[in-house]
Each structure stands twice: as structure tokens, then as C-alpha cells.
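Below are structures written as C-alpha cells.
Next come two complexes, and both contain subunit A; in the first it sits with subunit B, in the second with subunit C.
So, the complex of A and B:
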């Protein structure tokens, strides 16, 4: 351990670190654009300057710690130099915060308010540059807003290793550009550059002009896209900003997905598939219980399901690998004795999707296979021909492949044709409507929180399972709201 | 480019192992000397030979003004237009060349004889104004000297 003094206060820190890291770790904020904890140090933005007492001003991101060094993060020379740097950075920046999606979470906007706040000092008109340059189907680049920090370039070289982006030309003509003939479509992690862009230069097409960030708030969740189980933030409108002028869908939908940094699972990144989670969750929902295709009330459906359960002799359950740890446990405790259970994949890799790589993406496209197999065994699905009842929980099962004589009890969330083909269909809630945990392929358990109101007519699987197994009595006591 | 690889291999022995990417600019200069410009096939060849991503080569090519992507004329006239040369009449020399050759800076005459360029300091301020023709400096040029010079270049 090494002791240094930041703004006169003693701070204990590791030996091989920099002033910037030591300061951030101890609650002293130093502004920075180009430095990112997961990327290499380039030191080109020059706003992280600090004063080393008696030795002048230097950049903190590349200043090694030495024992007893005394650093000032907010002295007059430091503020003066930061202001000068911001004047330089803003020479050709349009300062169009009013129409910029990044406004409200933009480092440049914050530092401009804090340290500068003046119009550009140059008498020359600002240089125009490319707006809306398409880097991929998903990302637009506004070169006028770009401050050339090179975070995105380093991301494609050091993290995703797609090597798509580079800085071309020199001086004030310098531009972030993809290599000839390539686009960021080649990069399954490309959307992370939108997050790490400290300004509004890299824009997500799906989020473009959708919402001001200050109307939104994040709910911590877990990406169900694969067995990695990346922790994410689901951004939706704050309760106080759910206004009557917007339709219900706009008020409650997930506007965007960003990573929630988690060193044990995904670090600061997620893949593009995780960003597309809202599309998956926006599919038409099943909210009506059915009995052989006829609409029935939820209670009638549960009674009918109990009837099927009582009549059947040989029962098999195809258990959802999208069920939470709590739901899987409820299934085992309530129904485990009734069924021969198999954990099935609800989702398989889609055509054209990256199946597996060595960064995050896993071949198993389901979030909770591990917990299911730990509870119920890892057997391969085998359904005897003389099975009387099959409980299908979740998507991904073709009823045509099931034994013809078996009755089907189907628990699902989505409006699918097979709902009507089941003997009993019960609509269940989805991840964003309830609280729970997933166990990823390495055994790390992550929690998710609800962020959307539960649809009328659906029931949590965790509530449903005890109702199905309860001997005799009425099922009306359940929390089926 | 392939026939230059033995030369590149000799350059490589001057570097510590694992620094092949450092060879990029020397290789590009040698290729340009050989072919006159950098072709797409040269970029592909270097991607393979040096094992670096294509974007890194494109960055270097766009950064260094003296690396060319297109063929030029037989005689490359590079007129310095920085302070010393401008004060000593470089702008007049540029106008004279534009008038005489009928091309703007950056262009090549239709017969493929001359390419006119304006460049930054050639490091010969004491003998301004300077025009560099291919690899040779022509210093202290007057309008008459320039006319005589053009006569000598076929």
C-alpha cells in the first residue's frame, strides 16, 4: 500500500495505480473523456489534469502513484487548464444539446457547465462535418459532436477485437471511420460504443429521438438472452412521467437496455442481442386462459388443470429454462413428485446469430438452464409414448412432436397459435413483471426487479404451482391479480 | 508488393521481435517508391504480411500526406507554400505553374508528364522559394528559372 494526499487528505492506495484511479476509488471526482477503466490509456483529451504540489500540472490518467505525493484536483491552475482544454475541444463542437439524445448524461455537457460555459473563442465559423454517418444498421455517427477521444476505436481493437473503427486524416479533418468496405454490423458488441461515447457523437438508431433521458429511470435486471446472464439496466419512464398524453405502451415499454457493470459476470459490456430485449418483450402477450381453445376464467383453467393432473397416470413436465430460481423451486416443491421432469431449452440460436464466442456470448440461449438442471437433473428430454399428461412450461416446444394420446397443459406468456391447441392454457407473467433470480452457467446468481405492471389475467408461475398441487380445496386463494 | 518481401524481412531483423507493426511506414514508403503509389492489393498484402488490421493501414495512409493512393505524373512538382517560401514568391510560382500546365494543385496533366502539388515546409527556408521535383530540390527559383526547369523535364 502507498499513501498519497489528494486535496490534503491522506489516501491509501495500491502501488501500481494512477492518480486518476486512486482519486476515483476514494471519492474524489476528476473529469475525464478518453480514459475508461476497461480500455488502454491514451491521454489525448487532457481534461483530467491535476496539480502535483510544487511540480506543476499533468494528466492524472497517466500519472503513476508515488509514496507521499501531494495532488490537488481542483486548484486554480487546474481549473484554468481544464477551461482552456474545453475551449479547445469545443472549437468545432456545435453545442446542440437541445436536439442531442446524450443531453442529460453527457460528460461534455457537464464539464462545459462546470468549467467553461462560454461561447467558442475562435472568430472563425465552426467547421461543418458529417452528420448521421451510418456505422451500421444500429449506430449513427455525428462527426461534429465527436471529440476524438478514441474510446470507440479502442473498444473495437481491445475488447470486441473486430478492428472496424479507426481515426482517419489529421488535425481538425480527423474523423472516426470504419475500415473500407466494413461496418459495425460485423461486431456483435458494437452498441457498447454508444454507451462509452462521452459525448453525443455515437447514437443508437433504436433510441434516436425516442425519449429524453431524464424522463427515464433504470431497473436492474438480468439479460435472459443466453446462459451468461449479464446484469443489465432496463430503462423505462419514471412513474411521475407516465402521462396521459402518451399511450399505455409508450408509458410502460422498455426504451433501451444498457449494461449494469458486474465484474463477476459481464464486466461493463453486453452484446447487441441484449440491447434488442425490448423487441422480445414487446411481442403480443397471452392474457386469456383457454380450455381446448375456448376462453375460460383463470380459476376455471386452474381447476381444469388440477383435473388433468388427478386423472393422469403417467406425467411428464417440460420445464422452462426461463423460469427464475424461485419458480423452479416452487415447481419442484409442489409438482416435482407428480412429474418426470426435463429442463428444456425455450430458445435455440437464431439463424445468423453469433452462437458462442470467448467474450460473453454462450451457446445456450436460455438464462436459467443451470438452476433447472441443479434442481431437476440434466437428463435429455425423453417422453414415453404412453404418457397421459404433458406439462409444457414456456416456449420452444412443437406440440406435433409430443405423443398423440397425451393431454397438454401449457403455461406460456405469448400469444401463440399453439395456446389454443393445448387442453388447458394458463397465461403466466414475464420477467419484467416480477422479482426473481437467475443462476448463470458459472453458478453466479443475479437478481432482477419488476419494472412493468403485471398484465390483467396472468398469474406468476411461482403462485400457480402450489395451487395446482393443493389437494382437493379451491384454488381461489391464489394471488391471481 | 510480394517481390519486396525479402527486403522487408531484412528490415525486420533491425527490430526487436513482436514489433512487426512498426514496419508499416517503411514498407509503405518502399512500395510507393517501387510502384509510384499504394494500390489496394498492396494494402491486402500488408494486412497478410504484417498481421495488422486493415484500418490501421488506412489510418497511416490518410495521416501521411506523402503517401499516395493513385498514380501520378512522370515529374512530381512539389511547391512549398509555408512562410519563408511564400514571402519569397512561392504563390507566384504556383500561379505560374497552374497557368503553364493547365492543372490545379493535386492534379496531373492529361499527357501524364506533370503532377502539381503544394506541400508544407521542405526544410530549406534559407534558399526559398523551393520546388521539389521528384527527389531533387530546386532552390532560389525565379519565374525564369522555373520556365527553364520545365523545359528540361520531358
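So, the complex of A and C:
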């Protein structure tokens, strides 16, 4: 354990090896563009300058700690150099914050107000460069805004290991470009470069000009895309900025998904599938309870389901691996005694999707298989031919493969053709409409919060299961465990 | 004796009627002739398209007697090619104390100098307080307020007080020495 002095105050550096890390960990903020905690040190932006007493200024991100060293983060030479550095970085930056999606969460914007705050000294015209260079189907690059910190380049080299991006040319004609014949489409983690870009140079096509960031707020959630269960933030419009004249959907829509840093699960990254979560959740919803294809009220459907439960002799449940821990427990407590239960995969890997890799993506494309199997056993789905009633919870089951004589009670959230083929269909809520927890394949439990209003006509599965087994029907014998 | 109190209020211009007025008939005819004369004069001017009819045809016609500093309606300025000068930066919507401005931005990859444009631009006049912050904050001189009132009478009550992009872009500028229009090209 080494002790150094930052601005005259003694600081325990712990396991940190550079002045920047030690300062940030102890509440001394030092501005930085190119340094990122998960990436290697390049020291090319030069704004993290600090003064080592008696030894002049140097960059903190690459300044190794030595015992008893005395560092000043806000002395006059430091301020002067930082200011000059920001002037230099802004030399060819277009300062088009008005139409930049990063504005409001941009490091360059913040540092300019905090540490520079002056108009450009240079009278030279700014150099034009490529606007909207397509790096992939998902990402555009604005070379005028790029400050060449090389975070994106290092990300593809060190984290995603796709080695797609590189820097070409020298000086003020230097550009971030994909390697010859390649695009960022090859990289299943490419959207992370949009997050780590300290300025608005890398733009996500799906979020481009959708909303200013100060109209949005994040809700912590868990990505249901695979068994990793990455913690994410779902960005949706703030209540005080509700739109009234424009399309109402702007108010409830999820505008973008960003990682919620979680060292036990995903670190600071998520994959592109997680970014596409809004598309998955924007599919048409089922909000109408059905009985053999006829519309019935929710209570009638629940009554009918209890009737089915009473009459059936042999019952099998295909339990959703998208149910939260709470729902799975409610199922086991209320209905576990009635059914032979199997946890089924709701989603299988799609064609062309990365099935598994050694960074984040897991082969099981469902968030909560582990919790389901812990509660209900990990048996392989086996439905005897003489089954009377099959409870199908969640999507992904082909009714054609089920025994012909069996009645089907279907709990689903999406508008699917199967809904009408079930004997009873009850619409249930989706992840963004309720709170709950998922247990990932390593057993780490993560919580998600609701960020959309629950649709009319749907019911939480957690509420539904006790209703199905409630006393009143003759199936009440076994009762809750 | 019972005191009779006249509770009628006395006005400063209480009419004092002579016998001619009290006779009623001739004064009524005089009144008819004044009303009818104005009616016929307006009618003639309107039919012949002449100026100076006393009736303003609201909302097609702007009243002539608005105050010089009246700022009753927002307009969006246009580029020489007729597209809005607005870049959909949402600064007006953000600064608006009544939060009445709502903008939906679009992306135009064919115009790299102006890639962001307003697909929809809505102002709710039922809540606008006419403070002019939107004009003050606009970095592009894209929104201004002019000496007019919006044409609000519409058949649809639910959305009648909203003015959209098409309406705001109908401004045909006359002459404004303080703010020349179209604005001069800045240094590239």
C-alpha cells in the first residue's frame, strides 16, 4: 500500500498503479478522453495533465505511482495546459452540439464548459471531413467530430477482438476507418463504441435524432437476450417531458439501451442483441383473453382455466424460462402440485446470430432457465400421449407437436396465431411492465424495474397463478405449498 | 309620505332627449340610414375589391390596428429553397417555460450540411405564454414571432389549438430592416 498526496491530501492508492486511477477512486476528478478503465493506456488526448510538485506537468493516466509523490490536479500550469489542450482538440471540431446526439452527455462539451469556456483562439477555417461514414448497418461515423482518442479502435482490438477499426493517415487528416474489406457488422459488440466515444463521432443509426438525451431517463433492467443476464439501462422519455401533440408512443417507447456497469455480470459492455431489445419488446401485444378463439373477459378466462384444471387428470406444464424468479416461485407454490413441470426454452438461437462466445454471449437465449431449473428440476421436456391438460407459459412452443387429445391453457404476451388455437388464452405482462429478478447462468441475481404502463387487459403471471389454484374449484385440495 | 328613491345609476353621458328625439320615429329612421349606409358602403367595397372596408375578414385578413410590438404568432423561417431553417435542436422546446413546443426530428443523409430537420413542429397555443424565449434561444434564427395572431378557429376542437409545421412555414416575409430575410450567408 502506497501513500501519495493529491492537492496536499494524503491518499491511499490501494491496488491502483497510476495517478489517474488513484485520484478518481478517491474523489479527485481529473478530466480524460482517451483513458477508459477497461482499455489500455495510450495517453494521446493529453487533457488529464497533473503537476508533480517540483517536476512539472505530465499526464496522470500514464503516471506511475511512487511512494510519497505529491500531485496537484488544479494548479495554474495544469489549468493553462488543459485549456491549451482543449483549444487544440477543438481546432477542427465542428461544435455542432445543436444537432449532435451526444450533446448533454458529451465529455468534450462538459470539459469545455468546466475547464476552457473560451471561444476558439484560432482564426483558421476548420478542416472539413467525412460526415456519416457508414461503419456498419448500425453505426455511422462523423469524422469532423472525432477527436482521435482511439477508444473505439482499442475496443475492437482488446475487448471484442474483432480488430475491425484502425487509424489511417497522419496529423489532421487522420481518420478512424475499418480495416480493408471489413465492416463493424462483423463485430457483435460494435454498439459499445457508441457509448465509449467521448464525443458524438460514433452514432447509432437506431437512436439517430430520435430524442435529445435530456428528455430521457434510464430504468435499470436485465437483458433477457441470453443466460448471461446483462444489466442494462432502458432509456425512455421523462414524465415531465411527455409529448402531447406528437405520437403518444414517444412517451412509452424505449429509445435506446445502454449497459449498466456490473462487474459481476457484464462489466461495462453489452452485445448488439441487447441494443435491439426495443424491437423485441415493440412487437404487437396480445391484450385480449380468448377461449377457443372467442373473445372473453379476463375473469371468464381465468374461470375457464380453473375449470380445465379441475377436469384434467394428467397435467403437464411447460414453464417459461422468461418468467422472473418471483413468478417461477409463485408458480411452484400455487400450481407446482398439480403439474408435472418442465422448464422450456422460449427462444432458440436465431439464424445468423452469434450462438456463444467467450466474452458475454451464451448459447441459452433465455434469461432465467437456471432459476426455473433450480425450482422445478432440469428434466428434458417429455409429454405423455395421454396428457389431459398442458399449460404453455410463454412463446416458442409449436402446438402441433403437443398430444392431440390434450387441452391447452396458454399464457402469452404477444399477438401470435397460436393464441386462438389454445382452449384458453390469458394475456400476461412483459418484463418492462413489472418488477422482478432474473438469475443468470452463474447464479447472480439481477433486478429489473418497470418503465412502461401495464396494458389494459393483461395480468401479471405472479398474480394469476394463485388465482388459478384459489379455493372455490375442486382443484383446491393440494393448495399452496 | 313615502320617499321615492331613484336607484338608477346616473351616467355622465346620460341622454337628454328633446321633443324631436322623444317623437322616436324620425330618430329611428336616422339610425337605420346610418347602419344601412355603412353596410352598403362595405358591401360595395367588398364586391368591387376596394380597400377600406371596416370589417376585417378574420382570420384571412390581418387587422391593421395591432400594436407595433405585437408578437402573437410564431413562424419558421425558410432557406432559399423553401425548407425550414430549423435544425430540430430542441433548444426552443427545452427552454419553453410552458413546454408547448414539440419537435420530431428527421435525418436527411443527402444534405450533409443540414442533416437534421424537423419532420413535425408543433406549438400548443392553448398553453403558450408568448414570452419569446424560443426566439431568443434559437441558434439558427429559425423561429420568430410576428405581428399576427394564429388562425385558431378550426372545426376540430381536440387538436385545434396546435399549430403544425405547415402552418408555421406559411410565412411570406415582407420587409424587416432589423432582421433581413433571407439571412445573409455567413462565412463558410
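Basically, the second predicted complex is superposed on the first by the 470 of 481 C-alpha atoms of A that agree within 3 Å, B and C clash if a C-alpha of one lies under 4 Å from a C-alpha of the other, contacts with A are read in each partner's own complex, and residues count from 1 in each chain.
Methods note: a contact is a pair of C-beta atoms (placed from the backbone, for glycine too) under 8 Å apart; a residue touches a chain by one contact, two chains touch by 3 or more.
Note that the structure is a prediction, hence the values are computed from the model and not measured.
**Student:** Give one of first, second, both or neither to describe whether A:29 is in contact with subunit B, with subunit C, with both, or with none.
**Tutor:** In the superposition, A:29 touches no partner, neither subunit B nor subunit C.
**Student:** Specify the partner with more touching residues on subunit A, choosing between subunit B and subunit C.
**Tutor:** With both complexes superposed on chain A, more residues of subunit A are touched by C.
**Student:** Just to be sure I read the superposition right, which of the two partners does A:180 touch: subunit B = first, subunit C = second, or both, or neither?
**Tutor:** In the superposed model, A:180 contacts subunit B only, not subunit C.
**Student:** With the two structures laid over each other on chain A, which partner does A:166 touch: subunit B (first), subunit C (second), both, or neither?
**Tutor:** It touches subunit B, and subunit C stays clear.
**Student:** If you stack the two complexes on chain A, which partner ends up touching A:241: first (subunit B), second (subunit C), both, or neither?
**Tutor:** After superposition on chain A, A:241 lies in contact with subunit C alone.
**Student:** Determine where on subunit A the residues touched by subunit B overlap those touched by subunit C, and list them.
**Tutor:** On subunit A, the subunit B and subunit C contacts do not overlap at all.
**Student:** Sort out for me which residues of subunit C touch subunit A in the complex.
**Tutor:** By the definition above, subunit C touches subunit A via 87-91, 94, 99, 102, 104-107, 109, 112, 115-116, 120, 122, 124, 139-140, 159, 162, 188.
**Student:** Within the complex, which stretch of subunit A touches subunit C?
**Tutor:** 98-99, 125, 131-132, 208-210, 212, 214-215, 240-241, 243-247, 250
**Student:** Name, in rising order, each residue of subunit A that touches subunit B in their complex.
**Tutor:** Touching subunit B from subunit A are residues 157, 163-170, 177-180, 182.
**Student:** Once bound in the complex, which stretches of subunit B touch subunit A?
**Tutor:** It comes out as residues 53-56, 58-59, 62-63.
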